[in-house]
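Chain lettering (A, B, C and D) follows the sequence in which the chains are written, and residue indices restart at 1 in each chain.
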Amino acid sequence: MTDTIAVIGLGQMGLPIAERLLAAGHRLAVYNRTAAKAQSLAAKGARVAANPADAAAGATLVITMLADDKALEAVTSGDGGLLGTLAPGGVHLSMSTVSPETARRLAVAHREWESDYVAAPVFGRPDAAAAGKLWVAMAGPAVARERAKAAAGAFSQGVYEFGEDPAAANVAKLAGNFLIAAALEAMAEAFALGEKNGLDRTALATLFGDTLFNCPIYRGYGAMIAGERYEPAGFRVGLGLKDVRLAQAAADASAVPMPLAGLLHDRLLGLLAQGHDGLDWSSIGLAVSREAGLRQGR
Amino acid sequence: MTDTIAVIGLGQMGLPIAERLLAAGHRLAVYNRTAAKAQSLAAKGARVAANPADAAAGATLVITMLADDKALEAVTSGDGGLLGTLAPGGVHLSMSTVSPETARRLAVAHREWESDYVAAPVFGRPDAAAAGKLWVAMAGPAVARERAKAAAGAFSQGVYEFGEDPAAANVAKLAGNFLIAAALEAMAEAFALGEKNGLDRTALATLFGDTLFNCPIYRGYGAMIAGERYEPAGFRVGLGLKDVRLAQAAADASAVPMPLAGLLHDRLLGLLAQGHDGLDWSSIGLAVSREAGLRQGR
Amino acid sequence: MTDTIAVIGLGQMGLPIAERLLAAGHRLAVYNRTAAKAQSLAAKGARVAANPADAAAGATLVITMLADDKALEAVTSGDGGLLGTLAPGGVHLSMSTVSPETARRLAVAHREWESDYVAAPVFGRPDAAAAGKLWVAMAGPAVARERAKAAAGAFSQGVYEFGEDPAAANVAKLAGNFLIAAALEAMAEAFALGEKNGLDRTALATLFGDTLFNCPIYRGYGAMIAGERYEPAGFRVGLGLKDVRLAQAAADASAVPMPLAGLLHDRLLGLLAQGHDGLDWSSIGLAVSREAGLRQGR
Amino acid sequence: MTDTIAVIGLGQMGLPIAERLLAAGHRLAVYNRTAAKAQSLAAKGARVAANPADAAAGATLVITMLADDKALEAVTSGDGGLLGTLAPGGVHLSMSTVSPETARRLAVAHREWESDYVAAPVFGRPDAAAAGKLWVAMAGPAVARERAKAAAGAFSQGVYEFGEDPAAANVAKLAGNFLIAAALEAMAEAFALGEKNGLDRTALATLFGDTLFNCPIYRGYGAMIAGERYEPAGFRVGLGLKDVRLAQAAADASAVPMPLAGLLHDRLLGLLAQGHDGLDWSSIGLAVSREAGLRQGR
């Protein structure tokens, strides 16, 4: 465990991941655009780098966890990007939710530099990261994946592999977020139907969360939608919309009609248009209720 | 436990329910249109009735488990129907998946005869019934519900109550089947997206079934849709369509726009139109795949 | 022209039709539930009947123009209904917008009485009726259609025939109203897109109404939707919804997935749920605008 | 009329437009990637340029009519692009169907060179261009528009103006093509409903094309969809899909939920996925029919 790992992007997810890696005994170099976020890690022994290239210098594994495709591309191939210093044979473990297209492009760039790009987007919220309980979808060159999995053990409870093409892991992540949004819409419609027929929304959510759908997504979001509690946002409307758009772009590029994705896009876009970007994406429930004549004042 | 319970309708669900009641020590009178199905129960001590009225004569609780609204209405208020003999104070525990409207109408009819109508549709397949593991959504007059719950203990692992209006339990059941169909559509789209991007469908299903959606619906149907195994049918396209139609009718009557229900309706109707009624309703996956240019010969 | 024609239903459409028939020299017997509406016709020589049967007595042709399936069935086969007195060989020219199913059932009833049922729903508003400019979709037994067409000349500018099965004409009418509603939705979306990109809605409507879509539906409704003028209602939300429902029921019965019909249903149902039943059905434009964040206060 | 006009892009639309301009007495410089297409014009006196810059040299008005955004950008600002030689005060009349975003970007580029960008996409097919019967949606700086309109008189029967922002004309064009596609879907569903209820598809198309929808789009496409004649393609599935995607991108960027656009996208994408890109986009009718169980072998 004497190799150095670089962690770039210390947001809500990146920070606890870095902390888990430190705690597991890894030597860390870290970088964040807003340097203040790196302070707590510095206090625990991490080296604070001046830019992505500085972070990657001397590292055999570079982990990135960034907001979107643009940020990932800048950090990778922009000025002071990590590709400039990542040594041949080095592995870039890219954990952001980005498009398969971006993954394919970055994989090509890494091969030119004789380094490897492994896509490894995760499922789980910041508290799951802090507890080492993330789920990882991983794809990329087999040897590089072995190295990545060894590190991922520090912050995840399971790694699901999807072969050599890094884009596959991003497709899996987008498919997962699409499934979540689909469950939000389904519950929103079901609970509105219940309410207008005199049923208690929470009783309905409990029935389903206890029985057919006794899994985290239905239990957690079910309670939120039943109670119409969309603040504070765990995952904002705009972020959900971003991911649905990425799924739709992948579907369009690979010729897969996804009408349910279209419905979800319109729900989230409508919420955005009406000024509700600050709400959690489960506020699909609000949109459904309002269309049914409920919560008109809201 | 010396009261007599009548069980009318000895199909895939009604038969194991009757067996559980017998095994629990209840005295039973049973009726089925096709009398042969009652033989095994007769051998265990049940009285085989000549018609619903005969079954209900002397019973304090009558359980019905029938195919649809029409069958339920015939058995209840038709010639030789149970309302003709059910004693004042008797309880009709109606477990079929029927429309809230039918429930409301039958509840009125029972009140005229001074008996009670309790709606109690169930979630679970025949094997769950045989194991006493059904989930029950129940609604109706409180006192009658108490008596119904005591009997339901023989075949269910949990009862969820939705108040005095029997129709509420039917709405809950329709909402549940709608949620299942929505999950089928979501998985079908997600897996087609994966496949056309080079992912293994079963690997995707495993990822989701292990993590975010580790609940029976996603695990069981996920494997079926990933493997495109739609035969033998556990629940046929036509039955799924029937239940989606009932949900839509309830939504229409209570002014709840449900675009996802509309999408599901069109999927199932399309399968029917194309001659696939014999497949399981998870063959929504086949419809999605074919639209994406996959499985064209099928 | 000495035969007597009975006209039953003197609403916005029935009254001008009766007036056109009188003006063309026909002898008329008329009936309306609210008798006052018959007075102006009585003053011009029409016999005011006491009920449908009285109107049909002695008539060789009975025209009905009623609100819905229920009213048509009551007037035809209810107490005092026209089937009781319509002579063998008599023709019932049924002009209401009703379901194909109702048409098929009534056709059977007429054949039992040796009379003929001809379905002849119309396109056009009351002013078109008054000007003799309606368009008629007609279906039924060929000989009966000949007689019906002779009379229809008084109030229509064209008759389109769809064969022997009366239900066919009702399907044609429902298809037409579906096409209109589809055009409303399309324009509503197009104009909202224009508005949010800085275009003048009316300029857009003018472009399309002058060129590609220079036909009455796009010109008339285009101006209404562009100007967001939904009152006074020419055809209320609830009536539009009724016809979309009839089209959906026919589609369901004949296994035709119609996703666009589903979308229109949800639009109109949403307007109803939100209390806008008093608006014209072109207020689909309002629903679309509000979803896009426009007209929030309205 | 002694000013020189450059015409760049001599495809199915560009060629007849150039011919109309020549016939109207304009001096022409022309350019096409495949030079052979310019020969007939050269024979009539047009100067054949070596590249877009050569064509624009000395021209006061440059007309471009190209396949897509990429081609337009290359011809305008690429190597040998027209911006390199178009004189200050010159006008670029851009008639291609491109995104509003591209229009906005090119308008900025022209302002930097002190020339003007006027967007002027057209409605109408090649035969309309040859007959001088196109309809033009035009937007851009007012003075430049005056010059553009003078030239447009040679090939159009009407110009509709949408103000100073060129993007507005592109939005109008995309809205128009969206309206056409919506009409295709509506007719496809209506005719399938008719067919499965025993009606003759062509009789239905005739009814609507003669009455409510007596305009070119419904008459022309109505006959094609009724007769299921999708070859030879007037406008291919892939081109229709391109334009629907542009409309969706504009809708997404301006926050306008357009569910009907989503439905059309999925129809066209499905046809593409199933290998039907060679068909006319009215083959939406084929997709609808097949979903309804018709034309399964096709």
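Here is the rule we use: a contact is a pair of C-beta atoms (placed from the backbone, for glycine too) under 8 Å apart; a residue touches a chain by one contact, two chains touch by 3 or more.
Here the structure is a predicted model, which means the values were calculated and not measured.
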item	value
Fewest touching-chain hops separating chain A from chain D	1
Lowest number of touching-chain links that must be crossed from chain B to chain C	1
From chain B, the most remote chain by mean C-alpha position	D
Chain A and chain B: spacing of chain centres that average the CA atoms, whole Å	38
Distance from chain D to chain B - Cα centre to Cα centre, in angstrom	53
Shared-contact residues (touching 2 or more other chains) in chain A	255-259, 263, 266, 270, 273, 291-293
Touching residues (chain side chain D, partner chain A) in the complex	245, 252, 255-259, 262-263, 265-267, 269-270, 272-273
List of chain A residues in touch with chain B within their complex	100, 123, 135, 137, 158, 160-163, 165, 167-168, 171-172, 174-176, 178-180, 182-183, 185-187, 189-194, 196-200, 203-204, 206-208, 210-218, 247, 250-251, 254-261, 263, 288, 291-293
Of all residues in chain D, those that touch chain B in their complex	259, 266, 270, 273-275, 290-293, 296
